[in-house]
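Next come two complexes built around chain A: one with chain B, the other with chain C.
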Partner chain A sequence: MNPRGIRALVSKDFTLFFRNRFFALVTSLALIVYVMLYFVMPGSVDETLEIGLYAPGWSPVAGDVQQQGLEIHVAESLEELEDGVADHDYVAGIVLAADLPDELVSGQKPRIDLYFASDTPEEAKEAVSSLIRELIYAQTGQPLVVDFSTQVLPGPDMAGKQIPPRDRMRPLFAVLLIVFETYGLATLITEEIEHRTIQALLVTPVSIKDLFAAKGFTGITLAFGQGALFMVLVGGLNQQPVIVILALLLAALLVTGIGFLIASLARDMMSVLAWGVLALVILVIPSMGTLFPGVITEWVKVIPSYYVVDTVDRVASYGSGWVDIWQNLLILLAFSVAFLLIGMVALRRRFQ
Partner chain B sequence: MSVRRVAVLLKRELLQGPKSFIFLWSVVLPIVMSLVLSLVFGTLFSDKPRLGIFDEDASGLVNLARESPSMSTREYGAVNDLEEAVRIGAVDFGIVLPEDFDSLVAEGQHVEVTAYVWGESLAKHRIVAQVTLQDLVRELSGQEAPVDVSINTLGDEVSIPWSDRLLPLLVLMAVFVGGMFLPATSLVTEKQKRTLEALTVTPTTLHEVFLAKGILGFSISLTMGLIILALNQAFGAQPGLLALMLALGAVMAAELGLILGSFAKDMSSLFAVWKSGGILLFGPAIIYLFPEIPQWIGQIFPTYYLVEPVVRISQQGGGWSDIAAHVFVLVGLDVILVAIVALALRRMRRVIA
Partner chain C sequence: MAQDAIAVEELAYLYGDLVAVDHISFKVAEGEILGFLGPNGAGKTTTVKMLTGQLKPKGGKAQVLGMDVARNAGKVRGEIGVCFEQTNLYEQMSALENLHLFARLFGISSFDGQALLKRVGLAGREKDKVEGYSKGMKQRLMVARSLVNRPRILFLDEPTAGLDPASAEAIRAVILEERQRGATVFLTTHDMMEADKLSDRVAFMDKGKIVALDTPHNLKQQYGKRALKAKVQTPAGELQDREVVLDQPETPDLIQKLFAGEKVVTIHSEEATLEDIFIKITGRGLKE
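The block that comes next holds the complex of A and B.
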């Protein structure tokens, strides 16, 4: 190993990167845009069904209905109720007439008016209708013969403390920023091959090992730097920062290996793009699992980026610690080292 | 300027184009994305609770649940499968219906149903699933509701289903991926291979080269936009107006592609711009996906003036009077971009000279 040679190569790559102000500017801009997008997205989850109630002379009903996930707003008049519905202050307005209890007791079948905004989806209308019918069944002493014995899986119960959409997007953004650097690194190497500067370098005291070390260091720094900075800015390091940083570092190592592999396969810049898109699409798939739970099967675990996404998500959003996550980190390390070795072997063959 | 030379250059672009990865990418990507987003994400984004049922017998509740508009219902063949589906969040609420459930309910006997709730299921989804199930059980047992529920609607706004919310994203992708990338990558490749210098020593001018590449970008962009609208059955009542909007969008895409191609030094720079600028282009579509985000933010992005008229025409039955202001802004933006393309052309001429 030639530390001076490696330092010189790294310095050359970074100088070239930042000398191209355009390239440097847009790379920074990407980070800013991702951070902005994160902050524009909803920062909380509205998991409450809000309902307006106008029940002159029958106010105890509001207390009977109140439960987690349901919020009753009592309106003072029908106009107030209608305004609340039209302004989307609540999803539905219920009018319980003053003589409703009497009618129920006398065995009549009274009518209950429900008000919805015209853009309320059909499912919400049907759900509120069911809710009101159940309420009246309960009021008239007709309990259901079926009991639901509920068990929360997999636990803990997140009701009331749901993960906001933007925090669900956090692993996706971090992975995107890191994975995009496969292009950067593969491009850097392919350019050297295309311009034949690799051959020129290898006749100097710089060895292939030095070259790998230098390119690897550049790739890891660029990928990790962006991912880590993003996580700092969006509060992704508030919990267990060491684990998140380690996961991002291993992810950077992984994309460096993939970058080497792409550079060994690519003939020119367009080939880098073609292989890069394939890598990008595959590596982004596991992020969909955090965005849309339940849509991805166990097969996703064969994709190395799953272990980055899962680790970042579980640590940053659910507060998992080393005990829960060590296996992920170990598998990620194995994948990263394997890809780095395969990439280096493939690239060495290409150089020779 | 020679029309014949532009035609020859365009023919060359058309013959060489399909061999390149970018050409395939710009044609295949919007179609694949359209199919994936429409078929898969259109249902994933639904705000209904998802109910999973394991039925040990052949309960009529399963069919009632399937027909209920309040929930999406899926049946599982084993309790373990149902538990796993709840555990991973594929369903919000899972119930195990015991044998003879229907007859027990009909006889008014007490039945205990095991229910699993996904830990991350929204509280409102749990309530909706539970009251809907209770309502369906009463319907199954033939119990008559003690009240009549009358539904009254207020206002004239309409709800936007997820399949419609995705349309702007698909249209922008169709118009901008090919329309922008083909001219941009073509210019960058020519710069890198130094074929532009070779061309300009012939009677061909840089102006003609730009025009040929721009026409290619415009044609692909417009074609893909029309294909995506056709695939999504979104032509509405004013197909001519929609085609006009797509054409104006295609002009913008081609102009942006030419500007990008002339300023980008190499492919890395080009994709670095895509990495950040892509989000700026797709900004209005992303904002449209989430009505909770203040919709005025979309107006900051230039592509809003393409997306909004397309939405108004295809989804809201809008006509010329509803989109005229947007059309004028879009034309204005296209004219400004023409001026920037002219500047880029002058700069490139200087660089080559």
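The block that comes next holds the complex of A and C.
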């Protein structure tokens, strides 16, 4: 390895990156826009609980049980109630059977079905229970003796962990900033091949290994630098900063490998763009899971960026620690190393 | 006797089944300018790539400055300068930045880029981005870049191709200066006049083989003919061409007869060009 040569190449790559008006503009603009969007979005959750009620055959006096911050919507059918919960129109749905008052009066122990959205907070569940008690007491004059049957619709149960919308966006913005660098790095390398400057470099004491080291360093620094700066600006490093930084670093390693791979596949700048957009779209998919809990299913775990998004989201938003996250980081490391090796082998063949 | 700067033995390279370089052998002495001539596809560029460590030979061996290129490519590259036929400069950077980048890659800490640019006639434009340069300016910068490390061997691939006469002459002057400094020059060119003017020896390459290697003078002696070309006026007032082949036993008599018997209007000597000789040896032209 030739450290002086590598330093010279890295310095040259940064000069060329920021002299490319497109990259300079997109890089700085994206960072500014994402930070602005973050601060423009709501920083707290809506405290009003909207609850759906399906009670065929009897008319509970909703007005009697209205509490501060509680809103009841009466559904006309069970389907309407389920859809309302699934679509997040209500945080919870309650089904009161038509014979419920009679069962209570006769001393039986009736069952009440409750439906919750995947991100319904624990407080809301408690509020729903107390609402039911009040409803039934108002209707029958009897204290409640009942079995609750709880169903979460759909997706994983994230109850009690509701976070503000802008914090949900944080992993998406960080991943977008990092992933864009696959395109930036691939462009730098493809230009080098297209303009044959690589040939000029390879008749100096610089070796192919030095070139990979320089390009790798450039790619990782560009991607990590932007992701980390964004997280600093939006307070994403307030909890477990070491884990978040490690996740971003591994993500930068991953996009560097993907950048190498794209540069080895692309014949010209147009194909870099095409491959770059494809990579961007695929890598951003897992971020949708944090925006719309329940939308993303298990298959998304085959996309390496899932482990960045999930780690950043769980650590920065829910305060998860090493114990909860180590598997994510290990899988991310494996993906990153694999892509880096595949990218280097493919690019070496292209150089030769 | 000068030491060999380049020594090539049975060097070969194949692209699949295609033989690009077919077991060639030659030597270039230190301080010599060797003109390396041949049509497109003759194997010149592949040979240069092997000598500069860009390609590993598939057969034979090449020694540059006493080092086996295949085993010591890194060390060899530190001692040579390469100027490519197609411009491959960083166009978003200035001429000075381009030179300083390569100086750093060669590990040179104190480097006077301004002086080098002045040598190739680019003084005053050193801070302009290369993308705004003309073809001739870019080519001059390419030559300057190949001189950054004061190379002991300079590989130049068509350094004056397509240039205006002033740029071409500036580059030729630099080549001669480098030879004076003691550098060996490996000059690949299609320009026979240039090769003739600059080279101590020329090698003709065709279909992967070296078909002739000698000084231009010796090649002309061996394969060409020198002649006197005259225009004479007949008694009827017509102009006719006459040719007397030189270096023959009967030449003095023929010249005497020409001047005695006819009215000579113009006369000049003419000798075979390297192109003529190449055609004579290979049966085809250099540009085919």
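What we mean here is this: the second predicted complex is superposed on the first by the 234 of 352 C-alpha atoms of A that agree within 3 Å, B and C clash if a C-alpha of one lies under 4 Å from a C-alpha of the other, contacts with A are read in each partner's own complex, and residues count from 1 in each chain.
To be clear about the criterion, a residue touches a chain if its C-beta (ideal position, glycine included) is under 8 Å from a C-beta of that chain, and two chains touch if they have at least 3 such contacts.
Predicted, not measured: the structure shown is a model, and the values here were computed from it.
A.B. asks: Look at A:Phe292 in the shared chain and tell me whether it touches chain B only, chain C only, both, or neither; answer first, second, both or neither.
C.D. replies: First partner only, chain B.
A.B. asks: Is A:Phe173 touching the first partner chain B, the second partner chain C, both, or neither of them?
C.D. replies: In the superposed model, A:Phe173 contacts neither chain B nor chain C.
A.B. asks: When the two structures are overlaid on chain A, which partner does A:Tyr90 contact: first (chain B), second (chain C), both, or neither?
C.D. replies: It touches nothing on chain B or chain C.
A.B. asks: Check whether chain B or chain C contacts more residues of chain A in the superposed model.
C.D. replies: Of chain B and chain C, the partner in contact with more residues of chain A is B.
A.B. asks: Classify the contacts of A:Tyr38 with the two partner chains as first (chain B alone), second (chain C alone), both, or neither.
C.D. replies: It touches nothing on chain B or chain C.
A.B. asks: Between chain B and chain C, whom does A:Leu16 touch in the aligned arrangement: first, second, both, or neither?
C.D. replies: second
A.B. asks: Touch test for A:Ser149: chain B only (first), chain C only (second), both, or neither?
C.D. replies: A:Ser149 contacts chain B only, not chain C.
A.B. asks: Tell me the contact category for A:Phe224 with respect to chain B and chain C: first, second, both or neither.
C.D. replies: neither
A.B. asks: With the two complexes superposed on chain A, say which partner A:Phe335 touches: chain B (first), chain C (second), both, or neither.
C.D. replies: In the superposition, A:Phe335 touches no partner, neither chain B nor chain C.
A.B. asks: With both complexes superposed on chain A, which partner does A:Ala8 reach: first (chain B), second (chain C), both or neither?
C.D. replies: second
A.B. asks: Take the contacts of chain A with chain B and those with chain C, and give the residues found in both.
C.D. replies: On chain A, the residues that contact chain B in one structure and chain C in the other are 20.
A.B. asks: Of all residues in chain C, which touch chain A in the complex?
C.D. replies: 52-54, 74-75, 77-78, 80, 82, 84, 86, 88-93, 97, 101-102, 104-107, 145
A.B. asks: Which of the residues in chain A come into contact with chain C in the complex?
C.D. replies: For this pair, the touching residues of chain A are 2, 4-5, 7-9, 12, 15-16, 19-20, 195-197, 199-207.
A.B. asks: Within the complex, which stretch of chain A touches chain B?
C.D. replies: 20, 22-23, 26-27, 29-30, 32-34, 37, 40-42, 45, 47-49, 67-70, 82, 85-86, 104, 109-123, 125-127, 129-134, 136-137, 140, 142, 144-160, 162-163, 165, 180, 183-184, 187, 191, 269-274, 277, 292-295
A.B. asks: Which residues of chain B touch chain A in the complex?
C.D. replies: Residues in contact with chain A: 20-22, 25, 40-41, 44, 47-48, 68-71, 83, 85-91, 95, 104-105, 108-128, 130-135, 137-138, 141, 143, 145-160, 185, 189, 192, 263-269, 271-273, 275-277, 279-280, 286-287, 290, 292-293, 297.
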